[in-house]
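Got some structures for you, see below.
Same chain, two partners: chain A is paired with chain B first, then with chain C.
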Partner chain A sequence: MKFETGKRGLLINILSLIVFTLVWQILVILARNDIFNIPFIRLRDIPTPVETWYALVGSMFTRIYGPSFTYGIINHVYASLVRVIEGGIIAFIIGVPVGIGVGYSKFLGNLFNPIIEIIRNMPPMAWIPLSIFIFVSGGSIFIVFIGVVFPIILNTIQGVRSTDTRLIDAAKTLGASESMIVKKVVIPSALPSIMTGLRIGLGVGWMAIVAAEMVIKSPVGLGYFIWNMGDLGRYSEMVAGMIVIGVIGYIMNISILLLQRRFINWVD
Partner chain B sequence: MKNLMKILFLIIVAIFVAGCLESKKTPQVSEPINLVKMSGQEMIQRLGTGEIAGFIMWEPYPAIAVTKGYGKNLIFSGKIWTDHPCCVVAYDDDWYKKTNNSDEILKRMALVQLKSVEYINNAKQSDSPDHEQLINYTMQFGGMTDQVAANLSLADVEFVYNTNVTATTTFIQRIQDFGIFDMTKWNMSGYKNSSDYANSLVTNNYVEWAVNNKDENSSKIALKEPVNIRYAYLVNDIHELPFYVGWQKGYYRDLGINIVIAEGAPFQNGAFEMQQGFKGNTVDVGSLGIPPVIIHRINSNDFSNNDTKVGVIAGMNNEGSVIVVANNVTSMKDLQGKTVGFPGQGTIQHVLFLMEADKEGLKVSY
Partner chain C sequence: MGRLVLSSVSKKFNNFQALLDVNFEVEDGEFVCLLGPSGCGKTTVLRLVAGLVAPDDGIISLDGKKINGVNKECGFVFQEYALFPWRTVKENIEFGPQVKGMTKTECESISKHYIDLVGLSGFENHYPNELSGGMKQRVGIARAYANNPKLLLMDEPFGALDAQTRNLMQGELLRIWETEHISVLFVTHSVDEAVYLGDRVVVMSARPGKVKDIFDVKLTRPRIRTGPEANIIRDSVLKSLSTQIKLASHEYI
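This part shows the complex of A and B:
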């Protein structure tokens, strides 16, 4: 499949967003006026894009009403991003060496594969109840770690195993030691794959953090914000928070893709 | 496309920097107390492990935490606001309109409330012959295994059946002051002010009827045709003990009302009861805190069909919430910069905590 690129592509992208927003607005308005309804869905209760926009602008920064100090979306985004980045860094530090070891050495592969295969099939959300009890703090970072580490490990393994054997053989012929082969041949060859793992992992981690913040206790974070706004029946703010999550996730993905293309350009 | 990516990248950096600046800036305003939502069970556990510095919650959780030695009572809610209303009995307006004899049913619901409250208030005395039975009811409804905690939890709850329009007005005013209402929705509601809203929300007629008929024989005033009422309540909330007593002692049945526990009940908090139960038309009558009623009749209501419209017919209790703190905390000021558990936004405990913080000039983040 080939995507349109350049100005035409951008135009179509923007158009699709406009059409989506319009359809959303029209559907809600129609439902509110009892002209069109989807059975079993309270379409009329969904805030319109216009209401959502006002809610987004209104709750962007910290507000103070008497004693009550309501954190702005900016604070929530920051708190969630910090958690994802911390979880991501820990996952990277642990995931890459494990991936290289398991991918390169048959012995380590056989040793760790069953464990990795079992644990990676437990979704990050399944760890939430346990982490509530075992972590005094930082439970949400752990949830992100679980989300990020397995895509990194698996992609690293794949990257290491797909290293061109001719290159390894050539290095051996030239008298390179095992550690030099790993450092000079295997890692550079696996790097694009590792970055892909990081990108996928952070995507999973970002989604997991929102769920984790809904359950694990912290006064700031986008997940917490959405949950709280829902509790108060402030649905426009809630939807605004959801959209912010989507946009940040998208920006994160694109940013890593950009970095990958900019700095790791030796492999197609 | 590359330019677009660069722009997006710049946006994320900008958010990060802005977030950094905001986060650094906020504590300087005055270090706020961090309210964090959690269940009552978790409050007790986390206070025990020292993860939180305190919590504000309905009984029996404060009594349990104190009995276990995890903390001490800092402020009883009666100190924050004497005789403040707490839980109430409310009906769903959709149910009210489509039921022919809804007024007759509600009169009898109010009468059960009156009888149960009188029973509890008598049985609360330790020399009352009913005292042991009341403690058993308290333990069953509150999910407790400890008699001492059950006794303690009853001590600071004032069970009442009458409603209080003036206090409700004050509550509405404070909720407005704290910026909790969705202002677009508030404007749609058409209420002129908090007193106008309180008068539309609370009705005393049913309690008046109950007072006038409290000595009548139940069989004489029972509904001719028994009706099923889908009833909702909050989980393990001692404030709603009058409902449990009325149900267990057969007061409802005697008056021709068959209680059916509503789908989803008992609810974790009043917000859920309003949003899922009353709004979703799965609850006919229910008990919950008055703030969720006040807030969600505005914020969660669809004003074209008033799906979240409810009316308050009777009280359940006044006071009965406590700020419990770790043993090394001596005042509200000590809680600054620390985490305090609460049952959720828009609950009575949330509003009370804000009121106390307001009195002491403290800030609360949530």
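This part shows the complex of A and C:
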């Protein structure tokens, strides 16, 4: 994809958000006044952007109703983020070495390839029922792990395998041992791919956590919040939660891209 | 020291005879250019000498020691530079000393010496993608020298440079070679370059790769590129080469 850069680009970005919001508002209002409706869709039941905004603001922080209270969106975001980060860290610690081993050694490649190929085709959601009864706690972290680890493994393998053989030759002639070559040539050269794997993985992990939280009942988490609000018929809050998920996913993606650009500035 | 001997060296890739019975020497401190049609096995010769591949037959020895496994006494300079893109100029040059386990101070004094020698002062902390082709190859040369090799192997090091930079770099290479007198085996496609740089020019023929002729270039340096003696030598090298190229192209017709 190509993007306009600078002020003009930003302007177009903002404009598109405004147009999207306006169209959303207008469609719902038209449906509610029986002027226009898309067949088979109850557009009138969708909260408008304005209602969603008030719901978002209203449920941002913890609210206390007499003796009981409900968590605010902030708390749900925090809970989900912590799970994604925990699952992501475990996935990184396991995924990168596995990817390097499998990518670099033919033997390890042959050994692990079938297992990786089979397991990676099971979506994280397919693991939820299993994780509910095998994990006493932390089942949703496991779901995140499953979502994050395969993009990391696959991208690491790809990065390792695409290491320029001339760089390996250069290192050899300069006296590097096999382990030095892995440490000082293969890993640095795979680093952009590893970061890409992490970025894609966290995206998958973020989607997986929401799904996991809907099924694995925990009292806090964005997935739980959305499900619960839906159950209670509070659709404005539900949609507000959905938008928060999208925005946070976007921010995570951009942050890693920026980190990548900042620390891997040697890529042409 | 740095006397290279290839005797009866042969190499097959699958069923393709890349080199057959290759014999020549590089004397201690000598600058030898290797010339030949594309695909005649020049790079293969360098890779054999560096120990990156093993010969099927024959013996390659450096200072009387048979080469067996990667030859750490050779410096290799690659055509497309093959610099580590994630390392700065200084870090590229320090790669060899680092993997040999030298201390930080030792590494730094070595890199400083060679950065000065190749004229890259002020660019120590630049990454390769911030350098021009000529500068990249200065780093490549410095990195090879920093390992204190007995023999420098250069595979068309200036092939990717424009004519002007190329002439400049040839002069620079000779200057560096004269201060740090080690043997050089230099692969090129250019007869001009070979005759300008080499003490001797080895002409190879293709299919299978063999040594066809060896020319002495007994001209004092600095050489005049278009001098009459240089022209005579260039003529004979060209003749040797052109029969080669005709032969090689015949086989494709």
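Note that the second predicted complex is superposed on the first by the 267 of 268 C-alpha atoms of A that agree within 3 Å, B and C clash if a C-alpha of one lies under 4 Å from a C-alpha of the other, contacts with A are read in each partner's own complex, and residues count from 1 in each chain.
By definition in this document, a residue touches a chain if its C-beta (ideal position, glycine included) is under 8 Å from a C-beta of that chain, and two chains touch if they have at least 3 such contacts.
Fair warning: this is a prediction, and the values are worked out from it, not measured in the lab.
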item	value
When chain B and chain C are modelled together on chain A, clash or fit	fit
Partner chain(s) touched by A:75 [first = chain B, second = chain C, both, neither]	first
Which superposed partner A:17 touches (first chain B, second chain C, both, neither)	neither
Which partner, chain B or chain C, touches more chain A residues	B
Which superposed partner A:252 touches (first chain B, second chain C, both, neither)	first
Which of chain B and chain C A:174 touches, first, second, both or neither	second
Touching partner for A:38 - first (chain B), second (chain C), both, neither	neither
Gap in Å between nearest CA atoms once chain C and chain B share a frame through chain A	21
On chain A, the residue positions that both chain B and chain C contact, one per complex	none
Touch list for chain A against partner chain B, complex	5-6, 9-10, 32, 34, 42, 44-45, 51, 61-72, 74-75, 77-79, 81, 132, 136-137, 217-219, 224, 227-228, 230-236, 248, 250-252, 254-255, 257-258
Chain C partner contacts - residues on chain A that touch it in the complex	164, 166-167, 169-177, 180, 184-185, 188-189, 191, 264-268
Residues of chain B defined as touching chain A within the complex	1-2, 4-6, 8-9, 11-12, 15-16, 18-20, 22-23, 26, 29, 32, 34-38, 42, 46, 49, 51, 177-180, 182, 184, 269, 271, 274-275, 295-296, 298-300, 302, 304, 339, 341, 344-346, 354-355, 357-358, 361-366
Contacting residues of chain C [partner chain A, same complex]	47, 50, 52, 70-72, 74-76, 78, 80, 82, 84-87, 95-96, 98-100, 127-129, 143-144, 147
